[in-house]
Structure formats: structure tokens, C-alpha cells
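Below is one structure, written out as C-alpha cells; comments come after it.
Read from first to last, the chains carry the letters A, B and C; within each, the first residue is number 1.
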Amino acid sequence: VVRPRRDGRAGNRRDVGSSRPAVRYGPVSFLSDYGLEDEFVGIVHRVMAARAPGVPVIDITHQVPVHDVRAGALTLWRAAPWLAPGVILAVVDPGVGTARRAVAVEVASAGAVLVGPDNGLLFPAASSLGAVTAAVELSGSPAVADGRGATFAGRDLFAPACAALAHGCDLGRLGRHIDPDSLVTTAVPVPGIGPDGAVRAEVLWVDRFGNVQLNAGPGDAGHLGSGVDLRAGTDRWTARRAEAYADLAETEIGLVTDSYGLLSVSCRDASAAARTGLAVGDEVWLLPAAGG
Amino acid sequence: VVRPRRDGRAGNRRDVGSSRPAVRYGPVSFLSDYGLEDEFVGIVHRVMAARAPGVPVIDITHQVPVHDVRAGALTLWRAAPWLAPGVILAVVDPGVGTARRAVAVEVASAGAVLVGPDNGLLFPAASSLGAVTAAVELSGSPAVADGRGATFAGRDLFAPACAALAHGCDLGRLGRHIDPDSLVTTAVPVPGIGPDGAVRAEVLWVDRFGNVQLNAGPGDAGHLGSGVDLRAGTDRWTARRAEAYADLAETEIGLVTDSYGLLSVSCRDASAAARTGLAVGDEVWLLPAAGG
Amino acid sequence: VVRPRRDGRAGNRRDVGSSRPAVRYGPVSFLSDYGLEDEFVGIVHRVMAARAPGVPVIDITHQVPVHDVRAGALTLWRAAPWLAPGVILAVVDPGVGTARRAVAVEVASAGAVLVGPDNGLLFPAASSLGAVTAAVELSGSPAVADGRGATFAGRDLFAPACAALAHGCDLGRLGRHIDPDSLVTTAVPVPGIGPDGAVRAEVLWVDRFGNVQLNAGPGDAGHLGSGVDLRAGTDRWTARRAEAYADLAETEIGLVTDSYGLLSVSCRDASAAARTGLAVGDEVWLLPAAGG
């Protein structure tokens, strides 16, 4: 007999008659800059499997560039709508072992708790899921941590905390409550509009396929028409609005609404990043096409 | 008490007394060209975990070269005997968002349903598992899809369809039936035999270890003896038939029957691809060794 | 209702009233040099999912350098304390298909069985977990193996053996008992002390972050003080003992006790391996800093 686990929405997991605490959150989603060359990710999984058997742990990605908190924060922000309800473990943590706080941040309306370092990594995702209803500084008490050293908090502090949360442990048992307003923030940049209607955007992400995600959505560019001039530094391209990558001609540069609802500079069967040289952080101006 | 899930053979999963539909297929095997740098794979997993909790989802590989439908089709074809019974999700989909069909293809004799774009990706694997007994074009109806955009069908269409299938949803509820003969095909090339008994083979795959898989099996080369001349363009090597890589001398080139039952040009503790320069798609002629 | 699986400690998993054998060991931890580009890892997972449904299989890493038995052995040795109790599957196997033995090695005190080739890969991890209480040479009998060829033992021999073990199969049913003292060994090098108190260490590992792990622990270097001269060949650096990477100044080289309890040459937000050129196998001498 197969007994499928139910989704992790808070409250619907009462394990009547069991001495274990109820499973309250779950699955656990896990993002880091640990990479896959070393054993870090596997050991974190193994610690959670021992402490929260039966709770699925889903790898979001572990190839956030090393110590790039902003890239990790933006990845988590993009993914967040699909990760709740549940526990979200994120570790990009150059300050591991120092006075930077380790935190768990609850967004009750989404049934989510985010766990990781308090360095801005969690902030955009948490904010996008709803109001932060509580936050604790993880104490590393023996009940929820292994006191093995100062350099692998994912294994020794965050994984035990996530396992405890997934099995129904109250947030307050993981440490002392802190003011949610004291959490370190990371801003997701917003697009600007010039007096001539030009849109000032920024490149947020270049994906494996070479799509160049901007921080502007179709609503920001609705007044520009179907042909759009893109300017970055001294470079200039004419892009055509399209529904799908394969709607573009082979030599065309397209402006496509991507799967996160943002505008993406894209090509058909080719990397727009390689063709344009655009990279994360670049400023891109969008104007009505001269010939349009 | 551990209640192991049973294997996914159709028919043996009646969840008596549950309001959920029976689990009919499963596990889900998942192959794509999404890579592991971005969050694509993790989000697809998370969508399936929400919609089909308890169904294992096994990553076959996500490093199919970007948009290389043929490479993905051959990988799936090689792996297929180990993936049935179950649901097989495959996404290498340069035409996402266009008129290319999204399909689910059933091979009832193998207890398998393959889900993905109708661009030839699924064909060799499906054919190798048995006769296609039904096929549907996925409609993207709200019951089985999230209508979020045109560029991430893995998340919005295929994952929901796989989750529904894994939990026993009838194929016909996912969309309209289409003629299996209308599916886009991909040919796995067959080896040829010249008048002199020479075998014309093609390189199907170079693996991480540098083994060069040909499309010919030991039966195709049985008349050639234990020494075989290999010719590719103007290059020529003498290879020795061997049972195992480590049976070769260090400088030798071997011809080994690989784990898929095909001949592989291989070296001991070294990459045969690097040593010979052979690459996917190359034509290789096999002849009796001149000195043999 | 969620029925969490219990941890895999031997003896606490009696599946009363089930016709399946009790689950005795589990989860299965899996390390290899298979990489993630090909389908090897996925197929091994799929074989275990079919033969041991419900048993979690956790990937430790699959990016051990190709055929580098020593690197794999050291990775497994580092990870071992977190992998027991359970089954540990490790495959770095250049001699696959030859007379090298395939083995399962039990460390009863840790509730662990290690499965893989008998080429030294398993030895440091097994030894670190406790006394080896039994070892068998896997016979590849039909009950526990698929007789498909000589080149993919992970799929055809090791995965079935692990699945059988995870479900409670007695070690002795997997093959004939062999003398544990006959297992191939791999030595983890020990540091030396020169007459002047200098410590002769060796680089064991460079991780993704560029931390350079030595085979010496803080106890070996306690007499050196907080400033330490490092010498490798003709190169020389002065390192400062620190608790955490971020306690270092940007240009400093640090000597940090890492998460495995060993000394690591490390930098703040930078790769110490890139800065020093140190690589696995290099000899490094540690002396009191000239100015200290």
C-alpha cells in the first residue's frame, strides 16, 4: 500500500498516535554555493535524512557562484513562488563562523520558513512570499545542532534546524526571537523610466541557455511597441517582442516575457548573452525602435 | 514501521480506502538539457513533490547539450530498459511555446508513459520499449498545468502531467488522443556492411571516461576477428577486442562490448576520444586487422 | 498520514506482518566518479528504486576525478562519520570487469556496510568507522545482480547488492566470506615532526572554495603559536591561525581548523589554492613564524 505524503501546508499533518512530532513544514528546498564536486551537499542531505527521515529534500541549485550572496538571493527570489509551503534552506555564507547571525525566518501566510545566514540571502525571497511573521537567531543549542566547528554551518547548524522545523518543532525552540526589521536586506533593483519614456533596466540573470533576464516586465515596456531599441554602454541592438524563442528568426534578437514574468533578451537556438555581451549587473536602456 | 513502496508496474497499486487516485506509474525518471547551474531542475522537482507527494523522481541527467534533441534522444534510448515501468519525463525543447506538440506516449507492454515535446526526443526510447499503445497531445488544461507563460513547459505543463500520471490519472484526461504514427521520429542509425565485409559504423556517444560508443554490436563484427582496423577519414588505428578496459595494455586501443551491448572504442585508464579524436557523428569503418 | 522512516541503525527495523524482509540498513549513500553528464548515476538510482523501493539514496558526490581511487577514498573517509549507520556505495573502479574483487564490508559497531570494488577505495572510511567485522566477495548471483556485461558494475552488481542489504539481506547471502585482512588498503598519510619541531604535512584536498586541507590537525601544530611559516618547495608564506575564514584580512593567508578537524590553508573570500599554488599531494612544512 502506498501512502503518499501530502503537501506541506502547515496544519494538515497530524501524525495521530505517533510519539514523533507532527510534520509541519515540508518538503525542504535546498540552495547553496557548495557546488557538486565536493561532499558538502551530500552530507547536508544525510544529516537531514537522519534527523527528519521521510521528509523530501529537493535541490534547487548548488552552483550559485562562490560567495555571491546577491546571485543566490536573486535565484531564491525567482524560485520562491514554487517553494512554499515548506522549509527553504539557503547557504551562501562567506561570513560563516563570525558574528553574522544564523536565522530562521517565518512567513506564516505562505507556510514557509527560510533558514540560512543573515546576510541578505533570504530577504528578497522572504519578502516576496509575504510579511515576515517571526524570526529567530539560531542558537546552535545541542538539540538542534552539532558543535563541530566554525566552517560548515550547513551541516552543523542549518540542517539540524531544518530537520527540526520539518518535523514540527516550534520556531521559538530554535533560538531567541529577533526583530524581523533587523534582518539584513538585499534590494532587487527596480526599473526606471526616463523623461522620454525610455526604460532603464538592469540585467538580473543569464541562464544556461544565454537568456538575459532584465528587471523589467512587459508592463514596464508596454508603451514601446513591438520593436525595441536596446542600448548598453555604446552598444545598440534592435529587438523584436516575441512570445517564444522559436518565433524569432535565426539572426534576430528578441525580447521575450520569460517564465518568471520578466523581459528577457533572447535568441533562437543561440545564446543572447554571447551575441550581445550582456552580463549580470549591466544597465540596459529600452527605447522605441528608431524604424518602428 | 517502514512501508516500502512497490515497483511501479501498472495495476499493482490500489490505494484502497484513500480518496486519492491510485498510484499507477512510478517512479518518474527525469532527463533534460536544463543543466544544474540554474534552478530549473529543482523547481520541476518541487512542482512534482507538491502534486504527487511520495512519488520518487529520479534524475537521469540534465546535462544533455543545450537544445541537442538527438543527443537527448540517444541518452534516453540507452537508459530506457532501466526506466520502465514508470513515467519518463524528457525535456530538450528548443521549440517551447510554439506549435510543436507536447505529448504523453504510452507503451502499455512496458508499463511506461513518456512525457515531453513531440520533436523526436521520446521516439527511440518509446520504440525500444515496445509498441506505442496510445498518445495524447497535452492540452494544458488547468487540472494538469499552470498557465504561466510560454517558455518553461517543464514546470508548467510536463511536471503537472507527470504528477497526474504517477497518481493514476488516465492518459485520456491529459489531452486529446492523437495518432501514434503522427509522432515525430528520430532514427538511431544502423551500421552498414560493405562488399568486403567492412562494417560502417557511426559514433553515437562519448562518455565521461572517453569511451567512444559505436552503433554496432559484437554480432555485427563477429567476422572480423580479435584484431580490428578502425578507419575514420584519413586516420587509422588497430584495435584489439577485449572484455574489460583494464585488460588492455596502456598504449593499446581496445574494442570493448559496453554496458549497453554496443562496441566501444576504449583505452585503459585514458580517454579513447582524446587519443583518437573521434567525436559523436563520426563515421568509423571496421575491417579485419591487416596483420591479424 | 506521514509515517517517517526511522534511522537505519541495525536492529530497529522489524517490518512485522510484511512479506518483505525487514529494512536493516539505510539510507544508502552513493559516491562515484561517474560524473553527472551521462546517465550512469541516474540508472544506478533507478535500479535501487526498483529493488529497494522506499529506501532513500543520497548522492555524496559523483565528481571524484575519473579513476582517482585515492581521491575517492579520501572523500569517503572525510564523509564517513555522517554516513553511518547505513549502506555506503562507492564506485571508482578502473579495474571493472577484471579479476579485482567486488566486495561488501561490514562495520557492525557503526551499523554500516560499504559496497564497492576492492581497490582501496573503501578502506580508509571503513577503518575510520570501526573494526571490520565481516567481508564478502560479491558473487554476482542472479538474486543480487544483472548479468549484463563487464563494464558497469554499479548498475549490474553493486546497486542490486546495496538494495538487498538495505532491505535486510544477510551479508553472507551476497557472496562468499573473505578475510577482512585481505582487503586492499589505502593509507591516509600521517604528518611527521622534524627534530626542530617543524611539522611535515601533506595536502589531502582542495575544495571548491580553494581551501587547502592538510593531513595535520590543530593538535599537531599546537606548539607552533599563532603565526606559522608554511614552506612548500621553494615557496614560503606566513599564515595566521584563525577561527573562521572571515576573521582573516583580505591579503592574509590563514590556517583554519576546518569542519573535519584538520588544518586548512585558507583565505578570506578567495582561493588559497590559487594564491599559493598548493595542490593535492604537495608536501608542506609548518614552522613557527620567523617574526612570531
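To be clear about the criterion, a residue touches a chain if its C-beta (ideal position, glycine included) is under 8 Å from a C-beta of that chain, and two chains touch if they have at least 3 such contacts.
Note that the structure is predicted; figures quoted are calculated from it, not measured.
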Checklist entry - Draw the chains as dots and join the ones that touch; what shape do you get: line, ring, star, complete or other? => result complete
Item to check | Angle of the C-alpha superposing rotation, chain B to chain C, to the nearest 5 degrees | outcome: 120
Next on the checklist: As a quick test, compute the distance in whole Å between the mean CA positions of chain A and chain B.
Outcome noted: 31
Item to check | Sites on chain A at which at least two other chains make contact | outcome: 3, 5-6, 36
Item to check | Contacting residues of chain A [partner chain C, same complex] | outcome: 3, 5-6, 13, 15-16, 18, 20, 23, 34-43, 45-47, 49-50, 52-55, 66-67, 94-98, 100, 148-152, 155-156, 167
Next on the checklist: Residue numbers of chain B touching chain C in their complex, please.
Outcome noted: 1-7, 27, 29, 31, 36, 56, 58-63, 75, 78-79, 82-83, 86, 207-209, 243-247, 256-259, 261, 268-269
